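In order of appearance the chains are A, B, C, D, E, F, G and H, and numbering begins at 1 in each one.
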Amino acid sequence: MTQIEVGIIMGSQSDWPTMKEATEMLDALGVPYETKIVSAHRTPDRLWDYGKTAASRGLKVIIAGAGGAAHLPGMMASKTRVPVIGVPVQTKALSGVDSLYSILQMPRGFPVATMAIGAAGAANAGLMAAGILATSDPALATRLDAWREALSASIAEEPVDD
Amino acid sequence: MTQIEVGIIMGSQSDWPTMKEATEMLDALGVPYETKIVSAHRTPDRLWDYGKTAASRGLKVIIAGAGGAAHLPGMMASKTRVPVIGVPVQTKALSGVDSLYSILQMPRGFPVATMAIGAAGAANAGLMAAGILATSDPALATRLDAWREALSASIAEEPVDD
Amino acid sequence: MTQIEVGIIMGSQSDWPTMKEATEMLDALGVPYETKIVSAHRTPDRLWDYGKTAASRGLKVIIAGAGGAAHLPGMMASKTRVPVIGVPVQTKALSGVDSLYSILQMPRGFPVATMAIGAAGAANAGLMAAGILATSDPALATRLDAWREALSASIAEEPVDD
Amino acid sequence: MTQIEVGIIMGSQSDWPTMKEATEMLDALGVPYETKIVSAHRTPDRLWDYGKTAASRGLKVIIAGAGGAAHLPGMMASKTRVPVIGVPVQTKALSGVDSLYSILQMPRGFPVATMAIGAAGAANAGLMAAGILATSDPALATRLDAWREALSASIAEEPVDD
Amino acid sequence: MTQIEVGIIMGSQSDWPTMKEATEMLDALGVPYETKIVSAHRTPDRLWDYGKTAASRGLKVIIAGAGGAAHLPGMMASKTRVPVIGVPVQTKALSGVDSLYSILQMPRGFPVATMAIGAAGAANAGLMAAGILATSDPALATRLDAWREALSASIAEEPVDD
Amino acid sequence: MTQIEVGIIMGSQSDWPTMKEATEMLDALGVPYETKIVSAHRTPDRLWDYGKTAASRGLKVIIAGAGGAAHLPGMMASKTRVPVIGVPVQTKALSGVDSLYSILQMPRGFPVATMAIGAAGAANAGLMAAGILATSDPALATRLDAWREALSASIAEEPVDD
Amino acid sequence: MTQIEVGIIMGSQSDWPTMKEATEMLDALGVPYETKIVSAHRTPDRLWDYGKTAASRGLKVIIAGAGGAAHLPGMMASKTRVPVIGVPVQTKALSGVDSLYSILQMPRGFPVATMAIGAAGAANAGLMAAGILATSDPALATRLDAWREALSASIAEEPVDD
Amino acid sequence: MTQIEVGIIMGSQSDWPTMKEATEMLDALGVPYETKIVSAHRTPDRLWDYGKTAASRGLKVIIAGAGGAAHLPGMMASKTRVPVIGVPVQTKALSGVDSLYSILQMPRGFPVATMAIGAAGAANAGLMAAGILATSDPALATRLDAWREALSASIAEEPVDD
């Protein structure tokens, strides 16, 4: 069985439509992953356990998405040295700026690799996770290069009306 | 010995000049308290222990101050039913708006009683703690009323040049 | 008859869909309450009377919701030592940031326990009120603990597609 | 004795350096005024009395300056039909945007004529008060026209180095 | 024929749904007015003429609404001593914060009495205009007092479900 | 005598330290210019005249700097087809975001070529003016290319401690 | 064949509905142009080539629209002395403020003539391009003057209900 | 000689005081690195070369700091699959929010791992780089764990006056 090296966690079921974009990117690149709901506030012990065992379970990257007072990515970064990629989920009143600041503004000692707000950020979290793994996985590096070249090649020369 | 019912915690020594205002207010009102550094990210286990024992140790209110991606108040609210009052400490780049959003925008289930950004908020956290205790301590309620009356009485009728 | 210890006030009928969330939380926790429209600007005398009699009528917590230049929570805090929880109602042009600043940024002397913008904030106001009452009501503390445990237990391990 | 038609009120002695600019403008235009500290939160009864007697005392304009959760202008507008001009005093953390939103975003029924944040706004409050009085005081209208012409005439044609 | 003392101008036909609220308020208070489209950028000469003749035509208040880089209120204030009330019309990308800053932040010498963003601000502009006229029109003052009392009296004691 | 093709105008003497950067850039590129104080609010007729005669006087670009409710660039764009470059001058309370929105958010029909807030924006206004003139002045184009190459060549390979 | 002097480029097909407004304005003024998709991130070499050949191909103005971390306008300005007009495309989470800051805040040396956010900005980009070309094309200047006069003439005197 | 796996690049010498924090963190963890000035706008070809050779030169992480319209991190991400960590340098007018949005809001396909604004973000960029390398370097992982434990152990139990 392939070792799972990417953990995708989110604060709530309601974050799934956003975070699913990360899984689709990893699927496209052939990177296995697991998906879990880990609520910093509602299931803090789950967060603790996840963080404490992340490295020993073989995880190499954790993608964490949350909205509002989004403590999940930063608290996870506090519990493990495994790199944490944070995805600020868009929110109703503040458009995800609350999520962004809660994830981004970490104090010295606990970086969170913050992505753009919302779906594009989640997709990019998948790509960043792949990029990190590719630093020690030449085959994945090759697949990532190919994906990037295909993206460039897909851009039309001129805009067209619908 | 008097039971300590108010815990004042902060994420870092650097928050102390702000949070000291809460202690001064509690001193003025004759409310005993303890002060601790509890960093959500650097000492998460300390946060865990503090939260898990807060109610059984007899704490009735927790004042938590932090800056930036300020997870301490919300994570404490996740660990204990004791009411948590949050103080957003002012920050360099974002003036404490990052602290504010990280503390305020808690999801359903885990309220944090958020105060104004900075020193005025810390002082008010002390007053809010006293107000909460006063709901079941008539002597404190009387002292609080007196403090409020003295504040009103101290206001001059007209502004004066320095 | 049970003493009503929580007063829920709001600036306008239009705040009711938001503030109703506070009542539902209090219903779930078995905490009796009253609901009133008290407009700081349109019915200032009503605000005055409510504030002046709040403590003597036995109120122990006031939840105040308002939008825009939201003066109700702060003015109520000026009139009574009973703790005031403020709920910033979301607004059309400024998404409730105007409500938030008007409620949060109180000067030294008059704290308002500010909640998140909108419906989640209103629900949390109910929980915060219960938490305050629970500091001197062991039975309510037990119910609150149970509610919190049930919330944690309700979280699925993994996200699912709709 | 000349009837005083302009009342200048402010929430705190600390607002005086800002609000003094309004008095200087009124001095320049020969408009008598009174200055008072009226704190919405610390002296609410003073606010009540001021508002209730404003019209009968012969006031025709009220200039109200305040900072942070600045409730003074709006609450005064709630208590009297005399036009209220609001001056958002600059604040430390939020640069007066909190003051601005608390003053500006009044609900239907209670306008506050909001000026620019800080000292320029206070000076302009004096001018606006004069402009309002000038609608029924031709001599003042003439003085105001002259002041405006002098201002225009004072502008150099070209910028110069210091 | 009654002298028209209130001019309502707006930068574009698209501002009319907002600005109409001002006319409805003035209708309710029995204050005659005129409505014009005066675009600061598209019809600058119309702006010039309106401003230069405003006082001599007998106007006592000008209500000016505009959106985006909203120069109409401030430019009108530059051309006439007649008090100008500014209404920031809500915009698509920036929710009217652009309109607000363009209207509010006038330099020393040219105050614009700025109202809340959008429809409530337009309605309040009508009320503010009436309040200004009422300083020298006792009959209007009486009608305004009655309108205010009716507003207060219309507020229900308790919120109701729809 | 060389025809002056660039007019640099500013709302106030206080804008000069910022706007001087534009002149220094034009000096470096050998482009003659004139500098004038033209206040949209204090000297509207000067603005009118400047705009009406700009094209006929041979101006090909106008650089306009202003702060706060910065109407000068947009009003100038309303009066002349000569391209207007706007420089938002930094302000005390709002850091120039007020200036920016007042200059940038022009309605369809009256573009203002907006530069960065403050001194860098003023310098770039000079460069943009030169770039516009260079579209029909090959010698200037050559000088501009050289200036750009020199800038690139001046960048050290590695950062150094002071 | 007419020399094409205006290049309209955009980061993505999704920017086309916005950028089309620029083409419509140029069509109205009889200015030929080309439209291309040039993605700063997906097709950086295309950006390089476009920039390097812009001047020699005879382009006199480049209009560049992009959203989010909008690097296209600024990177193009880095590659060519041809004036670049930037259009911040409105975005979902941040309403185009991200696009705006990414385009506007260019360092000394590389101005981008930034337009308003969204469709009005794109239309104005077309007008600004025409205005730049008109500095050395009297016939276009005449057409531009006529267009501006027609715009002014189209404004009704009074607003009307729909 | 040890292979250098971390490249630290910045847009300007003026970014060095901020970016130096990244080097200090890497020094503390025994991770070799190189430091270069690579200006996206002033030295685009340098950026191109750096990006094109990054992977083949053996770089595994790139830390890129820039301020204002900060295009360096995102453009580097466009040129190489090597993970890019972005540091938003604080700016004068907009406090680094312009830098942040320019770095963070990357489109699908080109993630930048964004850190907090300013010095804390630069230090954390060093830690994140180490964390990424540690995913395939057990000795570094051990050093990183030790550094984290030492940080936690350094936190005093209680705050102290200076």
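Note that in this section a contact is a pair of C-beta atoms (placed from the backbone, for glycine too) under 8 Å apart; a residue touches a chain by one contact, two chains touch by 3 or more.
All of these numbers come straight from a predicted model, not from anything done at the bench.
Repeating the E-G interface with over half of its contact pairs identical by residue number, the matching pair from A-G, F-G or D-E is A-G. The greater number of contacting C-beta pairs, out of the two interfaces D-E and D-F, is seen for D-E.
Inter-chain centre distance (subunit D to subunit G, centres taken as mean C-alpha positions): 44 Å. Subunit B and subunit H, compared by their mean Cα positions, are separated by 35 Å. Separating the centre of subunit B from that of subunit F, both taken as means of CA atoms, is a distance of 50 Å. For subunit D, residues touching at least two other chains, in rising order: 12, 42, 68-69, 94-95, 97, 104-107, 109-110, 116-117, 120, 151.
Taken together, the subunit C residues at the contact with subunit E in this complex read 10, 12-13, 15-16, 19-20, 35-37, 39, 42-43, 46, 68-69, 92-95.
Residues 55, 60-61, 81-83, 85, 100, 104-111, 113-117, 120, 123-125, 127-128, 131-136, 141, 144-145, 148, 151 of subunit G are the ones touching subunit F in the complex.
By the touch rule above, subunit F contacts subunit E in their complex via residues 11-12, 40-42, 44, 48, 68-69, 71, 74-75, 77-79, 91, 94, 97-98, 101-107, 109-110, 112. Subunit D contributes residues 90, 95-97, 116-118, 120, 151-152, 155-161 to its touches with subunit F in the complex.
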